[in-house]
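Each of the next two complexes has chain A plus one other chain: chain B in the first, chain C in the second.
Let's look at the complex of A and B:
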């Protein structure tokens, strides 16, 4: 048998080459995914901003900017909750109804017990409704889509029962002034949205809970094996989503001054659109709070621009639907990029 | 010495199956216990019971002499049992460090201590001899590195007993050696190790004792030095093993059935050429990640290719989709039998018939398959292929890996293919069924099919292949023929050694 020893370093070099090649491939695929994620929201944002500033009259007027920022803030806060639920592979279709119920109960509580109590009651109502969703999903084992589609109808019915179909006028001027007040020229709701966004980012990126959320959404089997209680994480996610809808409801009540049982209709679609547009994957495991925030600003600009151009509101539905399809196609492309990367690597 | 872990008369049942029929085992600190048995013998069930994933019907698990019941994996971990599972249980979106400490994060007040997490992970990776950035997302790692991260995770916990379920399945030779060193070191530190493997040479190399499970019963438990490989296999099978001998195919004047030249495949460095004659079995060897899986998938139209051309029986074929590939006579069985092979909710008959070539059948029967005809077809297959099922309506998901593979080979046979591509045909298949499958592959070849077998199992290729191409990092580094197709040559070439030793 001839000598079978190796030329020194031959194999090691080849192995090192192969490792370097695979690392390079992985890095490239990852950067492509990131590019898609960021460009998916940044490019439309810039286009709409430039179009708004150049084409739309009064787009940059003080009152319109305030209006856009407050709308974006309410949307973004609900979006944070939705980001969390989608990150654990769920979805919350009941956020609009939950927000309406929270807003109406809050309005009535403001009238009877004062602004602060009213606000707290509103948030508590939202959290309670979220808890109900979470229990239906985790304890009754109903898939999130169907569970929240059902509770969307239940909550909407409850708010119509609560109001009896009549609008609730809020008497307290101090409560109403929250949405219009500003600090250093920035509307208070917007500041709230920024603070909550920072808190959400910190929780996702730096806290134990965030790691567990990514684990549950990214690989539920791995989560179970490492001793994470999947049910607990999912339950908490729906609860937070409900509470976020509640906070949004309180701000909405403050902004409108008069609320009725049909406010916030269709909010769920807007919330899903901004979350997906922001780069959070529908497949779970990739929450992107900053993306959600930017996408909320984008959607608010689009709505405002169409309003100022006197485009009939029907077109806004078309625009929203088109935006959602666009966002989902980006999400699909991003997942395909990941899959291609895995195919190049794992064989 | 007192036992750190005692399993007393554990029974586990699934609907219709008694997976464990009263198994008892003792484990003392510093002991490395090899756990072997065919697939379906109950190894995985026992591991799931110890890991807290399943609760036994009866029997007890004692840790340090106290009886414990584990209702979740968290409780089992808290009792000092750490499991390296066979399937990858990592979160691809999280970094290596986050994965290692998932579920037991180094955190204060819910906030993860990132520098400590990173530092401890780097230490663990260094122990494992792995040069890896702890911040890299797991989705970007190779299979072998993922396995090492999985092991690092198990080591990151406090444990007295570590259970490794086929830890070397995805590792290359060097990584396997390193793992063996780690196992020895753990044992010398007084940890008890349960080591599950299908590779018996590993068992003899590192285990003090061997426990053999067969049909849910412990049939042997003895010090390794009192056993040899043949006796061990006999215990596993409950009979003497059959051996497989293949006479070299007579390829004097055979026709070329598959002829591919100059095809470029993503992930493979060189353009790809391959000719396979009728009745020939060609092996593709190479480490995990060497590109051979990509090649078979490209031939099946499952990966985009560019350039070059492919001929099947002299007719040009386009490799654009599996559907086109099957139509032109190319069939593939994937390495991921569960995910891409079987249709788990259908019965064995339906699974075998799904790709059947119906062109010769009367028109009506093409649209509406006759139940009696399909049944008769399956009965023939079952006899020919020695598929062990009670009846044709048995769901395929409940069968052992070997029987599933036989049904899939039946599917390939019925597809009337000219070229059959097999990826890891005996992965997860036990020793007894392996020989059956080799014989079936040989039968298919003798019937005139051109067979390409891609495998990481060198002895397997040495046993069945007439010719073997060896790949390394996307390049063909050797082509072995006839008597040069030996385990040593294949393994040597797979790690980049170019010298061929002639037998």
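Let's look at the complex of A and C:
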């Protein structure tokens, strides 16, 4: 900032004016960004909801709603972790493989040691894999996307080795009933997702950790200068992402009842899509948990709608790819709008 | 780079073009990888003499050339600081196109169609990255699924057989002792080297690969070149698909699932730095051979094929970690 040194006493008013003007600009840019962010997820959500209710048969039937809520819950939980990682300018492409490994290990632990131990083991496996990602990124200084691209392959190999390519049946009915049980008519996984979402929102918005995340995502160099341990924040983010994938994996195992080494393939794309669609900027520094949650519901509605319409599953690939590109374009447009606004007036 | 960084002697003023001696010196600096390859070959040969059987060797060369052909395009992309994860999708669509039109057209027309499709898909990626301004790895992750979806829809999820025996003979034939795809791969690698080092296009892409802002300020046609690199890479991927379809005698949507990992690993292990600015076609050739030999060795030793996933990922991370460590050491030396 070349303000004080370049402006001798007489121009102090001018500087103050300029400050006020740029603050006003920043505020308006921010509100425009907020608008784009909210519209980016709310408008498609409403369109898909209305379309689903009017066009798709059995869309609002009880079993379909339960199904959608459970799927959205699993997706949203993974999405929270991804939100955090993207907010610190990272990316976690290994969530699908991590979830598969957590689900398979959890399934075999449930069979040998009971449901509760199985669930804890699954979450711990996820956290351990996340920790491995974090260590590779922070200690070996490998860029996040390539590190997690590699671990995606490694974890997938490990889960296939673990299962030997064969499916694992879960015998415990109490474990399997977790995903299908409901409390006050709301499926338990969905409640878990809401609770975890509230916790994530609290951590990002009200705790020091959240401020650190925003600082690191906004400008890692500045965060270092402020005395924040960037490595620790990044490491924790990957750890949380892995643990979230683990929780999702346990719920998935509970929902499916039978898991194999190839479950959750392509999950990373869905997770990234909902996070970006929810308004978390790829540029970092803006975690938006609520957006992620709404976008998870949206994606789950799209998938279930396409299923009910008997659209071949190949089209879901296309829908997902298109949705991701759409979300990223909105993200890009929003950044461009803000930049134009700030640069157009000031320079 | 490595050799110049380790010698503290003052760097002599150079001509614009690297001299032959300089090239050889750089070349020698990379020999350790070739050494690893030779040691690996000898070790595998000792453990399993079947490795040196001509059938097995040509198998290795086939594998290396499928990865290598795509890796030539990826080398240019990575040298320009970009990345393409949609390799598997592009290969699938291009191969399916070949398989679909072969019964009714000539081989030349079918191959040409595949290359055009590769170029178009590359163009899509390029436009998304440059003009919609989406980060390359995530834009191409999206298009990977778009292309795969298109491939599945086109084939209804079925396998499309290639019945033309001429096509199979052309793509899997041998030129002297070497398989045709391998010869094409070597030629393409030489072309890649020349393009990267000796052309305006190559210089431009290396320039914005190492510092995009500086390249823009210098007035280089950055956006146009970026799109062109994606198009060229798309053509390379399609070429790989052309040969792969011939080898498999068929094409299907998931014929190249996860192929992007192998390709990126070959390029990065070969010594092309992931942050852009430099590319080594020779390293890519060695990298592709290295992974082909490694996979073959695992097969010969009877290791479960799942280990290949683990090994490829681990080798990739290790290669980048070593590269990051070495380059950071060089930076510190340069600053001090």
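The rule we apply is simple: the second predicted complex is superposed on the first by the 317 of 347 C-alpha atoms of A that agree within 3 Å, B and C clash if a C-alpha of one lies under 4 Å from a C-alpha of the other, contacts with A are read in each partner's own complex, and residues count from 1 in each chain.
Note that contacts are C-beta pairs under 8 Å (C-beta built on N, C-alpha and C of every residue); 3 or more make two chains touch, one makes a residue touch a chain.
All values derive from a computational prediction rather than experimental measurement.
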item: Partner chain(s) touched by A:160 [first = chain B, second = chain C, both, neither]; value: second
item: Touching partner for A:227 - first (chain B), second (chain C), both, neither; value: first
item: Partner chain(s) touched by A:328 [first = chain B, second = chain C, both, neither]; value: second
item: Partner chain(s) touched by A:218 [first = chain B, second = chain C, both, neither]; value: first
item: Chain B versus chain C as contact partner of A:31, first or second or both or neither; value: neither
item: Chain A residues contacted in one complex by chain B, in the other by chain C; value: none
item: Touching residues (chain side chain B, partner chain A) in the complex; value: 51, 53, 72-74, 77, 83, 85, 87, 89-94, 98-99, 102-105, 107, 110-112, 114, 136-137, 139-143, 153, 174, 266-267, 288-289, 291-294, 297, 303, 472-473, 488, 492, 495-497, 499, 501-502
item: Sites on chain A touched by chain B in the complex; value: 1-4, 6, 10-11, 14-15, 17-19, 21-23, 26-27, 29-30, 206-209, 211-212, 214-215, 217-219, 221-228, 285-286, 338, 341-347
item: Touching residues on chain C, where the partner in the complex is chain A; value: 85, 128, 132-135, 137-139, 141-146, 148-150, 152-153, 156-157, 253, 258, 261, 264-265, 268, 274-275, 304, 306-314, 316-317, 320-321, 324-325, 328
item: Residues on chain A engaged by chain C in the complex (per definition of touch); value: 91, 93, 136, 140-143, 145-147, 149-154, 156-158, 160-161, 165, 266, 268-269, 272, 282, 312, 314-318, 320-322, 324-325, 328-329, 332, 335-336
